[in-house]
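Lettered A, B, C and D in written order, each chain numbered from 1.
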Amino acid sequence: MLQTARRGRKKTGSEAQAAAAVHERYLEAYRWMLLTRLFEEKLASMYRGGMITGGVYVGKGQEAVSAACGMFLRKGDIFAPLIRDQAGRAAFGEPLVDVARTYLGSRLGPMRGRDGNIHRGKPREGQLAMISHLGAMISVVVGSLMAKRWRGEKDFVGLTTIGEGGMQTGSTHEGLNIAAVERVPLVVVATNNHYAYSTPNEREFACASLVDRALGYGFEGYEMDGTNLNACLETIETAVKRARAGRPPQLVVASILRLAGHGEHDDFSYVTDDIRKEPFAQDCLKCAEVCIRELGLADDATVRNWRDEALRKVDEAVATAQREPAPNAGEEDWCAISTRELCDPVE
Amino acid sequence: MSLTYLEAIREAQAKLLRDDPRVFIYGQDVGGTFGGAFKATKGLAKEFPGRVLNTPISEDAMTGVAIGAALEGMRPIVEMQFADFSSIALNQILNNAGTQYWRTNLPVPITVRLPSGGTKGSGPFHSQSMESLYAHYPGLIVMTPATVEDAYTMLIDAISIDDPVVYCEHKYLYYHLKADALPSEGMPIGRARVARAGRDLTIVSYSAMLHESLAAAEELARENWDIEVIDLRTVKPLDTSTVLGSVARTGRLLAVGESFPWGGVTAEVLARVASEGFHLLDAAPARLNAKDTPIPYHPNLWSAHRPSSHAIAAKARRLLRE
Amino acid sequence: MLQTARRGRKKTGSEAQAAAAVHERYLEAYRWMLLTRLFEEKLASMYRGGMITGGVYVGKGQEAVSAACGMFLRKGDIFAPLIRDQAGRAAFGEPLVDVARTYLGSRLGPMRGRDGNIHRGKPREGQLAMISHLGAMISVVVGSLMAKRWRGEKDFVGLTTIGEGGMQTGSTHEGLNIAAVERVPLVVVATNNHYAYSTPNEREFACASLVDRALGYGFEGYEMDGTNLNACLETIETAVKRARAGRPPQLVVASILRLAGHGEHDDFSYVTDDIRKEPFAQDCLKCAEVCIRELGLADDATVRNWRDEALRKVDEAVATAQREPAPNAGEEDWCAISTRELCDPVE
Amino acid sequence: MSLTYLEAIREAQAKLLRDDPRVFIYGQDVGGTFGGAFKATKGLAKEFPGRVLNTPISEDAMTGVAIGAALEGMRPIVEMQFADFSSIALNQILNNAGTQYWRTNLPVPITVRLPSGGTKGSGPFHSQSMESLYAHYPGLIVMTPATVEDAYTMLIDAISIDDPVVYCEHKYLYYHLKADALPSEGMPIGRARVARAGRDLTIVSYSAMLHESLAAAEELARENWDIEVIDLRTVKPLDTSTVLGSVARTGRLLAVGESFPWGGVTAEVLARVASEGFHLLDAAPARLNAKDTPIPYHPNLWSAHRPSSHAIAAKARRLLRE
């Protein structure tokens, strides 16, 4: 547990070290959250200003869950994020500029203008690029983990995320089940943000909690308060550790409220007043700030500095991407396969 | 009164819910105060309580539910959030709905609405035109309305038909098309329409591509070419005789579609005209489709991926010179 | 519980009546099982004799589960059986001759030679005709039940069956979940016969028991010994009653061993010796016969009579179907839709 | 030594497992002592422990696993128990495997084996030919081997190709076709083969229909017609130039396929020849496909549903008289 710095009993050396590590990690996570919030606010405003085509999808309210997802992964692991995972992507090592490039369709981005917004990744670096069809990436991660096992790699883990809505697709079911059958080191973080687009939980599923699904797949299951950064860090750390150690696949179910529209085009007026008053409707970023202040983990000036630094990074990423060339249809390689001589010149 | 293509779809559904107690709407986000990702069912849940229902994200089960209800006499309308996600329901549509009547002698009057086709910035998974996949399998009617009027009357027809209908509505047309009033009756289902009469070349098209084709015809008219444009309206059944009638007048055929090229609607049109109207042709028939890659996100790429009026006109020009 | 007729304490009138009813129902179920076993033996021998094209799929060892599935349904209910449900189909009212007609492809059968073997039904009479894709029928039953509810029908129920293998399809997941969301009066009977074709449980799923899935969907769940006819009757009776009474959907998980090949072409040599010695490997029909003898529910002559009568029915059904005309391609109506004027004459 | 088409498929997989540590086989019942519903992997699980794996009944996840493993450098072979069940994997095949390279620049070298096509008594859900669905979408290679030799070399090629391959093997050919030996090399992928040379008419076909077409050519030879028969080998890419070359020699085209007619391989062939080889044609091109209904169970119906050699010959005769 996160502990105050102003406690009575004097700490032993190792206790103090442990506490310091916990604090450090909390602050690191906070900074990913902050960066994400600011970046996504920027993207949203660019969308409103007509500078981004298609849509912008933010993770407001889910930054704690997402940051925790990225933070316990390391090189050699697989991360298959979904819609609301900017924080986790950044923590896992995705450069901010790649996000801006993808939203702006830069030719130099990982998707080269061919795909946009959240549909991005660098599979060569263990960052899978989601397809839209919810649930489809779970089994893909399973396959990647099996390949690593065959190659004799050790201590790796895969982590993928899903919404409570996506938990209802057939693809998710098949993916979870096959993960358990293959007993791969997988962590699935399912965030119940209480809506799938406009659809509330009662039209999505009828069990008490989605963590009740864990047993039925042979997963180990956890529930966590997604507004509480420390709970997210502890739970996901545990799940990742246990998966790495060869335990069965892990299902973490987070509870949260999505604090923005499904996309920036959506005013989320369907979110009821009642639900906005629920404890899970708190803003994880604000909660983390309260905690930082209360426990004296960082002073206000430091936090302000972080914010300024984050804003600089955001502006820089956007500015860089904006300077880059857009794709050009005439120069585009209109061939969907890599074996060029097998490209069918069908019109 | 002026209505968009999207409003026509909403009005048709309102009328169906009003007139026929067997009708209900089933899909992600169609209900509540929301009324669908594109608002095609806006207000209907309130007006028709219990008959416009949100579903879990389960395209397979949504369709299965509709099939089961249809077998018990209902007339369900399933809304896919995007046509692209109907890949998850494809098995139910092809193998369950599409085979029921042939196997059990009991038809399955479901209508599956697919918000189809490309719009700027929608990318590989929110832009697809899947009519060719559904038309390939037996047992289904596949509609592709191109006008506000057709969007309205054909949706009403779709629900009246005892067989499963895949109704492909084009997202690009949702707001772009307007009409002054809604007709009380449309052309018979299965019949193509001569959207523009001409004598030099026949362009066969449907859905959003009809409008690109008409624009191309305009462009060519300024060069004194007289282009006939056919709107297929349904791609299955495909009205071969109207197409042949037109080719008989013009001697030249260009088929234009937005789905992927291999085995698409345009291949089917060319195959029919070549086999049944070979002697009507004065020149090789041609086709123009989207490119054979996923549909790109960036507008620069997207507008080159789909046939534009200019690309159609260019292709037509080549054909006219042959 | 089934009670012996030779018990110490004298029964009160109502106790005796209840016991008699239980016995009667047990015997009725036994007779469906017997008829099924004999009929399927006949079909299997016809297959071996080259008289049936395609395949024959029997439910040997699953007759108790299946008979119980059919027996608590009544007119107005929906039954969506699967591969190993001959007993239940018969109990629900499918005439034997329709089975023979479907296997032989008679033009007068419900499928008119267009579909064969287990792919049969009369949806107008509440007997749905399965498609092969496992799990696809669950949501169909949900839809039929919703339609009945809308029409204002009362006290109806739907029952559908699935194997432990079919429980792993995405379609099953979506179907079970939507059943719970729509809270329809549905009973799903999942029979774990320990193999999906040749694949043993450990390559199918990783949970301790499939009944653990119930909680995760918001179903009420039961386990039962599928070799024990009385357990099957009691459990499924309870589940059907509870569904009819408006409880959440019901999941019954039966344990059994498939005592025949996947189809009659299959020698099931992959079934291990160990598993053949498990208690769940007992033959439910033999168990029922032991019970009938032990409890004196019927004497040997009666049972022999039943067997003879069943054999007569089987022979009659087969003989009738054999006399009937086969379909004729020239006279066939090659149109896949009912709206004939919309039939596309594509070649 | 004499090998069947099925044995060739087994041998190819044995060789692949032997030569390439990246190869594994993933599918329902492929492992254990069983070796697949059709025994295409018989004995391989024992010979290659841990590399021939049974899966749950989860076509979507089976394919997803293969994609993930392929992204990490493996060369998975996925066996669908029947092509018909690949409808459940269709989304993964089209939208995940088929789009990866275009989107991320990393190809997905998976091979999906589809036991395809009709056999007596198999009915609507164990008889389908799905090549046209897969060929319609971008990003996939679709192979349809018609001979024992091709079954062998093309499967080896499929695994060597960096892109996703849908390998349609025909169940009717499993035991019906035999060869004396397996070749060490085949024709290049993407190239069609002149299976029989002739001058009066070109029949373009593939998979099991090749053999019906060859039999039809024999039948017509007895009437002194000299029929050329082309085996497409892969339907995507489709070797237009070999087809055009043949039509240039014969002036007449009949395309024969077993998939459903609307937008099938034959429509694509006719569209290409009509648009690119119009002036080579002396008569209207024609096509013959399975009928546009589900595939019937009863042999009487089934044998009328698919094109038989006699039906092909009859159609060809009409074309030859034009």
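In this text, a residue touches a chain if its C-beta (ideal position, glycine included) is under 8 Å from a C-beta of that chain, and two chains touch if they have at least 3 such contacts.
Predicted model, so just to flag it, every value in this text is computed and none were measured.
Using the touch definition from the top, what's the fewest steps needed to get from chain B to chain D?
The least step count works out to 1.
Taking each chain's centre as the mean of its CA atoms, which one is farthest from the centre of chain A?
C
Hey, how far is the Cα centre of chain A from the one of chain C, in Å?
Taking the average C-alpha coordinate of chain A and of chain C, the gap between them is 45 Å.
With chain centres defined as C-alpha means, what is the inter-centre distance between chain B and chain C in Å?
41
Approximately how many whole Å separate the CA-defined centres of chain A and chain B?
About 37 Å, centre to centre.
Which parts of chain B, given as residue numbers and ranges, touch two or more other chains?
55-56, 58, 60-61, 84, 87-88, 91, 95, 98-99, 102-103, 124-125, 138-139, 236, 238, 262, 268, 275, 287, 291-294
Would you please write down the residue numbers of chain C that are in contact with two or more other chains?
111, 114-115, 119, 131-133, 168-171, 174, 177, 181, 203-205, 336, 344, 346-347
Looking at which chains touch, is this a line, ring, star, complete or other?
The chain contacts form a complete graph, every chain touching every other.
Flag every residue of chain B that touches chain D in the complex, lowest number first.
Residue positions touching the partner: 84, 87-88, 90-91, 94-95, 98-99, 102-103, 124-125, 132-133, 135-139, 236, 238, 259-260, 262-268, 270-271, 273-279, 281, 283-287, 291-294.
Mind pulling up the chain B residues that touch chain C in the complex?
Within the complex, chain B touches chain C at residues 24, 55-56, 58-74, 76, 91-92, 95-96, 98-107, 138-141, 161-163, 189-190, 236-238, 240, 268, 272, 275.
Considering the complex alone, what residue numbers of chain A touch chain C?
Residues 168-174, 177, 180-181, 183, 202-208, 210, 212-218, 248.
Can you check the complex and tell me which residues of chain A touch chain D?
Touching chain D from chain A are residues 110-112, 114-115, 119, 121-124, 128-129, 131-133, 136-148, 150-151, 170-171, 174-175, 177-178, 181-182, 336-339, 341-347.
Residues of chain C touching chain D in their complex?
Touch residues, chain C against chain D: 53-55, 105, 111, 113-117, 119, 131-134, 165-166, 168-171, 196-200, 203-205, 269-270, 326-330, 332, 334-336, 344, 346-347.
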